[in-house]
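I have a structure here, written as structure tokens, and I will follow up with some questions on it.
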Amino acid sequence: MKKVINNAEHVVDQMLDGLVSAHPDELKRLPDTTVIIRKDAPIKGKVGIVSGGGSGHEPAHAGFVGRGMLDAAVAGEVFTSPTPDQILEAIKAVDGGAGVLLVIKNYTGDVMNFEMAQEMAEMEGIQVASVVVNDDVAVEDSTFTIGRRGIAGTVFVHKVAGAKAEAGATLEEVKAVANQTIASVRSMGVALSSCTLPAAGKPSFTLAENEMEIGIGIHGEPGIERVALVSADEITTILLNKILAEIDEESSDVAVMVNGLGSTPEMELHIVNKKVAEVLRDKGMNVYRTWVGEYMTSLDMAGFSITILSLNEGLMELLVEDVKTVAFHV
Amino acid sequence: MKKVINNAEHVVDQMLDGLVSAHPDELKRLPDTTVIIRKDAPIKGKVGIVSGGGSGHEPAHAGFVGRGMLDAAVAGEVFTSPTPDQILEAIKAVDGGAGVLLVIKNYTGDVMNFEMAQEMAEMEGIQVASVVVNDDVAVEDSTFTIGRRGIAGTVFVHKVAGAKAEAGATLEEVKAVANQTIASVRSMGVALSSCTLPAAGKPSFTLAENEMEIGIGIHGEPGIERVALVSADEITTILLNKILAEIDEESSDVAVMVNGLGSTPEMELHIVNKKVAEVLRDKGMNVYRTWVGEYMTSLDMAGFSITILSLNEGLMELLVEDVKTVAFHV
Amino acid sequence: MIVLTIEHTKRWMEEIEKRMLEHKDQLTEFDQAIGDGDHGINMARGFHEVVAKINHVTYDSVSDVLKSAAMTLMAKVGGASGPLYGTAFLKMSMAMQGKEVNEEVFCQAMKDAVDGIHTRGKAEFGEKTLYDVWKQVADFLELEEVAEWQGLLEVCQATIEDTRELVATKGRASYLKERSKGHVDPGSMSSFYIFEALVEVIDWEE
Amino acid sequence: MIVLTIEHTKRWMEEIEKRMLEHKDQLTEFDQAIGDGDHGINMARGFHEVVAKINHVTYDSVSDVLKSAAMTLMAKVGGASGPLYGTAFLKMSMAMQGKEVNEEVFCQAMKDAVDGIHTRGKAEFGEKTLYDVWKQVADFLELEEVAEWQGLLEVCQATIEDTRELVATKGRASYLKERSKGHVDPGSMSSFYIFEALVEVIDWEE
């Protein structure tokens, strides 16, 4: 494994310091925590939005902290949900009196840790609500399963909820629009190569030179099937069909995100987006906005995910509302 | 080689279509060319800024097209300078009557092709000036060499020249400030792994599991030396010392860019930036602004480059002037 | 008869740390196979912090030692295993509050720990999680004399072997469905080390 | 005696394309060793386009064929080799304008091509670029009878061998400094194929 690090145990700590020293006017790290907050938080009377999760998904989640999006991002160890005490610090730091919404990705660990933090915060008299994002259609959603995973679609939830909160909505309203977004967003990814955790030192899994894993999770969790690598257009069609099948296609207006998982060059993401745009056009859908780039990565994994958000008037407005973050721009 | 492509011969063409379909309101591709221009170009009375080069450096160069930066970017084949006819089309498309500045990276091919285009444009009566960026201190600059290469520092030249042009300056003024930036910007990179050209199908070079190449070029050109991989802090110190030695340190105000070459996760870039900030602080320098991310990549190469721009009042203002592009934000 | 003194308990944590460090790679490999490859890293970090913490504090009760351990695990591990082990030790601590830890108290504490894991993780028996191991151990302790407690190692091993062939339906491994068969659940393995350490310290006096 | 007819010239380009496609990987490997690994790709693309272009046009002179070739190379190759080969063929075309291409005219055309490469690339002899090969070939042709022109292949080979041990001081290879020694310059190699094709077509009639 070759990584530009000093010590596997300090990657998260040093990354957070590096991030803040690049944006000293916008971001602040809560002392002795792994919490990054808006420098102007808490904002009186505004609902605070807190998200986070394991590290290794950069720019998620700290890259989305800023006006119109997140008030705080809590970073866990690599691929490990942050702990309740850290999440609690974030909640306390951004509560402006209007309550705090937790945006949680649907993983056992994340849900348990965020819920514990929520209980603690409520014990301290802070009004807290939470939503769980589950956009990954690679996993079936049934009462017999733990449900779909939360992947790149989470970024759209951050954006929509953040815009709503910035507009002065109540905690209930912000939670409602976040849940509406969660109900309308679906994603699926593909991996061409594994990622390597700094502390593990070797790849989490291996794919043969001609293999790809369809439906990969952002922590390298297995997907639906391991098949022969095919063309960009074919892969894109496979992912899109699965995604569109699970989405409420009532609305023909959609937002698109083509998200790189780490090592896949932007050139290839654009080639994918060309096909995405064509397929959606052929289906008579209207692409309202498109984001192509790295938003929810998986360390150095090669591959990408496609996210489709089905839009209504309200979501459209919130999606393009002014935002000031390091990694998400409209 | 595993790549998300359809056909190595069409990567540039399909990438450009994908990019434009993601930003239909801001960008436009000139029909039957590899030229991406601002949708509102040409802008009457404004100096046009044209840059470009081989593809494989995304988001460079098309990602920097937009208000306050480039008017047009010309994409060549992967790692191959674009041809004079394409560059000529770009010049003609963005000339608003005030002339056009060509920002060229210092490579034999780029210089020859852009110069030929300049000659052709001048024959057609368009006023054209050009500047050549040479920020890579890994190459010695002497009358016996072809001089330093142009790498990530080019992005700062785009930004400064673009802001100056947007402000209504004349071609001479824009060229002057571009040259001033070129004189004040220095960079150096390191590679942990090679890149693979789509059409070549195999890595351009190979580095052993414990090796890194200091001073790598963005096309995989060799650097200063191939040595054992060391810690992020040590690599950063090596690069910074070389860069600062070649920079006019008169000014203690600097802008920093930590640029990922392709496969290196953002986490690692932030770890590097932490050290960069510390070293500069210890040297009594003041970091005015920092950009961490992928700006001038080399396909799927693992590694990064550091760029330092020495600033004066004028450059500071131009650097943070409002800009609207896909890949560069202030 | 006293099963755990303050000293025993501190020693228990040290023995756990020793094993988690020793088997860090094994646990990580198990988690790479059916999870996300961080379990060994999480356990090593967590119990290292626990020992670092309790060594700097003097305690007046076993309950307090376990409470420190629980809080440290919750604050330093994260993921799924952090809250679960944290909850387990916290429930034990609560069950032992103001009591000397004899056989009966310990069995009750184990029962409460198992219930805690159950409520927090919502896994049922046989979903191929660490809950399986804790449940089996608790049931076994209730039936056996302390003298026979070394036997719980076989119980753990047996459970791990039985669950190896199961399809995981909770936790990350559940994403693998059928493909999770034939792999040992990493959390069950780390639980084995926790109980192996326990046996080690209980024998320790004799 | 006529050295090149329109047919010869079209055939020359086809023979070049054949060789560039055949040796695409070799040229790319040479460029991977001391450049950026695209030379074979550039040459194959460029001469493929040249042939595609000239096959769809009827020409009244050798000069016009070469002008088409030159323009196509400039428009389709890019990099360093595009402008250089484009310039070379353009200068040849200009020297042949309104003339039948006999020995003398061809020699003058080669001279002009060499000057063109020199002005465009500013490389001197011995800087380990394609200029070395073109210069040597031009000088040789001037001295020899057409009957002896096959000899230019040895001239090319000799030049390539001589320059192999040189340190490149122009083009990308110059970044390697000492490390460029022992490697054949990719552009010199592609130039060899251009002249190999020339010999092929000149022999062609007999």
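By written order: A, B, C and D. Residues from 1 in each chain.
Operating definition for what follows: a residue touches a chain if its C-beta (ideal position, glycine included) is under 8 Å from a C-beta of that chain, and two chains touch if they have at least 3 such contacts.
Labels paired with UniProt names: A, B = Dihydroxyacetone kinase subunit DhaK; C, D = Dihydroxyacetone kinase subunit DhaL.
Bear in mind that the values here come from a model prediction, so they are computed numbers and not experimental data.
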{"item": "Minimum number of chain-to-chain touching steps separating subunit C from subunit D", "value": "3"}
{"item": "Euclidean distance of C-alpha centroids - subunit B vs subunit D, Å", "value": "32"}
{"item": "Separation of mean Cα positions, subunit C and subunit B [Å, integer]", "value": "54"}
{"item": "Chain contact topology (line, ring, star, complete or other)", "value": "line"}
{"item": "Every chain pair in contact, whichever chains are involved", "value": "A-B, A-C, B-D"}
{"item": "For the subunit C and subunit A complex, residues of the former touching the latter", "value": "28, 32, 35-38, 41-42, 45, 74-84, 120-121, 169-172, 174-176, 179"}
{"item": "Partner subunit B, residues of subunit A touching it in the complex", "value": "2-7, 11, 14-19, 21-23, 55-56, 58-59, 63, 192-193, 209-210, 212, 229, 231-233, 235, 256, 258, 262-275, 277, 287, 290-292, 294, 297, 299-300, 302-304, 329"}
{"item": "Parts of subunit A lying in touch with subunit C, wherever the complex brings them together", "value": "9, 54, 76-86, 107-109, 112-113, 116, 139, 144-146, 149, 197, 199-200, 204-205, 217, 219-222"}
